[in-house]
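Every chain is named by a letter (A, B, C and D) in the order it is written, and numbering of its residues begins at 1.
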Amino acid sequence: MSAISVEHVSIRFGGLVALSDVSFDVPPGEIFALIGPNGAGKTTLFNVVSGVYACTDGRIRFNGKTITGALPHELARKGLTRTFQNLQIFFRMSAAENVMVGRHLHERRNPLLDFLGLPMVHRQNAESRKLAEELLDLVGLSGLGDQPAGELPYGVLKRLEIARALATRPSVIMLDEPVAGCNAVETAEIAHVIRKIAGSGMTVMLVEHDMGFVMTLADRIHVLNRGMTLAEGTPSEIRNNPAVIEAYLGTAKPGETSRAHG
Amino acid sequence: MRRILANPYAPAFALAVVVVMVPLLVPSPFYLRLATLVFINALVVVGLNLLMGYAGQISLGHAAFFAMGAYASAIGPAHLGLPTLASMLAGIVLTGVVAYGVGKPILRFKGYHLAVATLGLGVIVSIVITNEIAWTGGPDGMQVARLWIGSWRVSGVANWYWVAGITLIVAMLGAANLLSSPTGRALRAIHDSEVAAGVLGIDVARYKLLVFVISAIYAATAGAFLALFDGHVTPVTGGILRSIEFVAMAVLGGLGSILGSVLGAAVLVVLPQALTSFHEFEHAILGAILMVLMIALRRGVIPSLQSWLLRGAA
Amino acid sequence: MATALQILFSGLTVGAIYALVAIGFTLVYSSSEVVNFAQGEFVMLGGMISATAVAAGLAPLPAASLAIVATVVTGILLYGLAVAPARDASPIVVIIITIGASIFIRGLASVGMGKEFHTLPPLLATPTLDLGGASVQTQGLVVMAGSVAIVLTLWLFLRMTKLGRGIRATAANRLAAQLAGINPRVIVGLTFAISALIGALGGILITPITLTSFDVGTLLAVKGFAAAVLGGLTHPAGPVLGGLMIGLLEAVGAGYISSQYKDVFAFVVLLGVLFLRPQGILGGRAVERV
Amino acid sequence: MKPIRALVCAVLMAPGLATAARSEILIGSVLSTTGPASFLGEPEKQTLEVYAKRINDAGGVNGEKIRLIIYDDGSDASNSRTFATRLVEQDQVVAVVGGTGTGNSLAMIPVFEEAGIPFVSLSGGVDIIDPVRKWVFKPPHTDRMACAKIFTDLKQRGLTNAAFIAGQGGYAKSMVTQCRSVAGQYGIKILAEESYGPRDSDMTAQLTRIKALPGLKAVINADIGQGPAIVTRNAAQINLGMPLYQSHGAATQGYLELAGPAAEGVRLPGPSLLVAEQLPDSDPQKKVLLDYTAVIEKATGKPVGTFGGYAHDGLLLLVDAMKRAGSADPAKVRDQLEKTKGYVATVGIITMSPTDHLGIDLSAFRMLEVKRGKWAVVD
């Protein structure tokens, strides 16, 4: 059974067709990459799968169960979470608190007990804080826990989002351009983290423009162009696919780093 | 310095010191009345700050909840034969229920739409209070029976000063507890990014509704206190100008700062008293002070002072 | 039939008044995302200064001109001294600043021009007209025509003149406009001046109907704000549509349902419309980008 | 935390600057000079200030100057109460005259009752003196008296089916409520009670609805401020076709100016103050009324109105009682206030008693009609 099945998904905004009849399957534990030129619909597809947008047609299944139309927080509860292309950091919190928010589903959360500030709430806070530190260590941000998130550099925030997503203990994690704007060292670190989490059995879906990163990391690659599927296969298959080469040469180079909306 | 400023319980502690000190310092009970009014307003503003400053949802209608608490405490004894304490508590619970029912649809709005929707709530409540004369006495208002707790007759400024002051301290402690808990982190997450909060498993709609209800309960409690303290309540209690004043208090003191809420309430309650000597220029000066404070301390008095102090200490 | 027509005219008259207030809100909002709660005071100044000047013996036209100039200067000062210095503050802080400004302006107006109510003579010699069995104030027609004329002029100004295009460019993308050599501070200052002008003009036109006093601005601002949001804060015709809708709802409420609860009726319908069209009646579709 | 505590203390101390010199008689006042009731509060304030100065120029009271301390409650009753506390606790006044709206007066009364300070209210509501409270007096007409005057006139003219159109302020609502309660006694049937908002600018919808009522003979508008003028104009606009009555809230020169020719034929119960010149010389009130008119017009350049007259009566009643008591001692002044007998005021001739802290009767009102842009007495 696939971790994620996208079946004939289409979405329209007014007259604009953003995705048209896209289908693919992601088996558990795989690193699955979505690529395509700007405007191909990669982030839109992420938004549909993660419940941020509702698709116009089609169906999405998660571990065999239909999740079409479910809200993001309901999907998170089932074990699906994501990061964002344009950072969605909680800027008014510290780095550790950002990750602690990711622990939300696994915390006892009773507003009345929270209001009263009972000792068990404080104990739980300490526990969450410890786990948050561990996740920060995992993504290479040891010792930054108390830093206000608003004061951290871009590359660090990218990794903070990954740590925060991991805190929800997902079975599927979707990473939207995890190494955009990162230098070579940071990119290598993030690739290492992704391999590690995939190695633990987690399914990873990612969108990325850095072709070198995608080609070395992904098990399989799905190529979108103008909202439609262009090709799907292993990195070597994609690298040699004439349609993919044409689409990229016809529009923009694979390595381009523009931050335009996908 | 940084540790003191960062301690979530410091504001409540500071206020506790003030509550104990003020009666020793002031020359007449009039100042205690002023302080009591500050506490009552601050109670609303602390709740509003949870909603606006932490969860990032605006309300231009909180005087509606304030008035519901006030009128419930008045109407229970006058028309339903209930003891004052029971009707006060019932009124607070009822206001929470109403906030839940109203919040469910209107919290789907964001930004200026939410502002208009809550403004509408305020207008509606205010019109109902003005027109249902048989129940509310209309624009001239109604008398409020005294509060008895057991054999203790809670009346006069000497009693209400302590009731309001201690309630405010408890409310501030509760707010501080809430903020450093899963619930509070969820609220603060919603403020910065609803979509990120959602993908991390936070039921955004539920938490918005939760904080809306909590802030309504704070407001209703304060409204009940004002009605019982004054012994008379009029529809101005729930007017839209009062709602806007609460927002001004929260923003002036500093959104996201509990101590700021108390200070904002203190400034806007005490300032008109201090400006009476300017006679007809009173309002112009009040407006000018509000403008200048907001321009100079644009994140609110307390957050601006805090970052200034931290910079000085570093 | 005549009753229905009378109620319709009542709604249109009131609606046109709200529309005049609302136009100023949307203009400033679209260029700066600031909701200027002192807009109601512009309306007040337009009416009050004119009425005070007329009472002091000035002819209506010079009195109106004086009022407009004084209000525009107030608008520019408001921007330059209070809003521009806080331009990097959050919208709610800027709103509180404009509320402070409106308390300040109102306070000075009450000292300078007193607290009595004033009126101005209507523009046309015939005060009322008979239309299909209903009677309508000619000044109401003037206000309606005035708000349509103001919207059209504004639209032409925004489309056809260089300055107007600068305002639109700033509204669409502040950074891009800045890169193209447009100074956003000048542009936003200009929109404050224009909205003050519109407010003053509106104040002069509505005073023969509404009468005026130093504190007329507050509630007008509240209704105008609701009208602007209902119509869609960024569409040029939004405020007119929003204003007319609220006016008509109030009149229908007062005429057919309950005059005590007409505002409740209007607000409930307004909220219902916002549920169906969260972007306002004429607002463009907004897709949240993540 | 020290600076904050210091700040709190400093701010709390600020109002303490105004302290009394002991050689003066301190008289407090809380008025609504801003907010919806400022239409009433502002002339009250002007009158108090002008007359306090006149009294002092004429040598003061019992050889002492009086000093007024006036606060603006912004038409908010909770503020009234705060200022009432301030007058008693902080300023330590010996008497209070004020309270513009009925709600404002009612909110303050417990403070003065508890402190034992005479309070002369300027509000219209009958609840203020009914039941009688030891320390509370009130010269103004009650709304109920205005109702009685209008209903008497309606009955005489055979216009027994009437409708109300009223604002939503305290004055308007209280008037309608009190009129409803006494309508039956005069054989008047109230067919409708329409209403409009505080800043509404067009009431033709409500008037059209009223006009369509079968058998309706007259319309009564209860309000203050700009409302009565707009209702009067709208009534003319839609050609109402039946007599329009206003309340004493419209008994001002401002109403005549704002309503213009539309006011022709409108009737209202007003104080003799507005028609002082038309009174016969034998009228005992004439001199007081003309004096008040001359003083205010000279000092403020503005015409007199009902509400300023209330303030005149309130302050002078207090002063009169202080003179008779020979002291400003609150208890003695209160006793003398209660013994006021035949005191000629703008509202009428006041005679108080332990069971009557109002002291005037229906004769204080005259039915006035607008004729050629001026007030004329019709009864």
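Note that in this section contacts are C-beta pairs under 8 Å (C-beta built on N, C-alpha and C of every residue); 3 or more make two chains touch, one makes a residue touch a chain.
Bear in mind the structure is a predicted one, so any value in this text is a computation, not a measurement.
A.B. asks: In contact with chain C and with chain D at once: which chains are those? Just list them.
C.D. replies: B
A.B. asks: Taking each chain's centre as the mean of its CA atoms, which one is most distant from chain B?
C.D. replies: Comparing chain centres, A lies farthest from chain B.
A.B. asks: If you average all the Cα positions, which chain's own average lands nearest?
C.D. replies: Closest to the centre of all protein C-alpha atoms: chain B.
A.B. asks: How many angstrom between the C-alpha centroids of chain D and chain B?
C.D. replies: For chain B versus chain D, the centre distance works out to 34 Å.
A.B. asks: Cα centroid separation between chain A and chain B, in whole Å?
C.D. replies: Going by mean C-alpha positions, chain A sits 40 Å from chain B.
A.B. asks: Could you please state the distance in Å, as a whole number, between where the Cα atoms of chain B are centred and where those of chain C are centred?
C.D. replies: Inter-chain centre distance comes to 31 Å.
A.B. asks: Report the inter-centroid distance (CA atoms only) between chain A and chain C in whole Å.
C.D. replies: 46
A.B. asks: Find every residue in chain B that makes contact with two or more other chains and list them.
C.D. replies: Residue numbers touching two or more other chains: 127, 131, 195, 280, 282-283.
A.B. asks: Mark out which residues of chain D touch at least two other chains, giving numbers and ranges.
C.D. replies: 33-34, 168, 195
A.B. asks: In chain C, what residues contact two or more other chains?
C.D. replies: 110, 260, 263, 290
A.B. asks: Which of the residues in chain A come into contact with chain B in the complex?
C.D. replies: Contact set of chain A toward chain B: 50-52, 71-73, 75-77, 81-82, 84, 88-93, 97, 100-105, 107-109, 111, 114-117, 121, 124-125, 128, 164-165, 167-168.
A.B. asks: Okay, in this complex, where on chain C does chain D touch?
C.D. replies: It is residues 3, 6-7, 9-11, 13-14, 17, 110, 115-119, 127-128, 134-137, 140, 206, 209-211, 213, 215-216, 219-220, 250-252, 254-256, 259-260, 262-263 of chain C that touch chain D.
A.B. asks: Note which residues of chain B are touching chain D in the complex, please.
C.D. replies: My answer: residues 4, 10, 14, 17-18, 21-22, 25-31, 33-35, 37, 127, 130-131, 133, 138-141, 143, 157, 226, 230-234, 236-237, 259, 263, 266-267, 270, 272-274, 276-277, 280, 282-283.
A.B. asks: Can you tell me which positions in chain C touch chain B when the two form their complex?
C.D. replies: For chain C paired with chain B, touching residues are 35, 82, 85-86, 88-90, 92-93, 96-97, 99-108, 110-111, 218, 222, 225-226, 229-230, 233, 260-261, 263-264, 267-268, 270-271, 274-275, 278, 288, 290.
A.B. asks: Where on chain D does chain C make contact in their complex?
C.D. replies: 33-35, 38-39, 42, 168, 194-206, 208-209, 212, 225-226, 229-230, 237-239, 254, 257-258, 302
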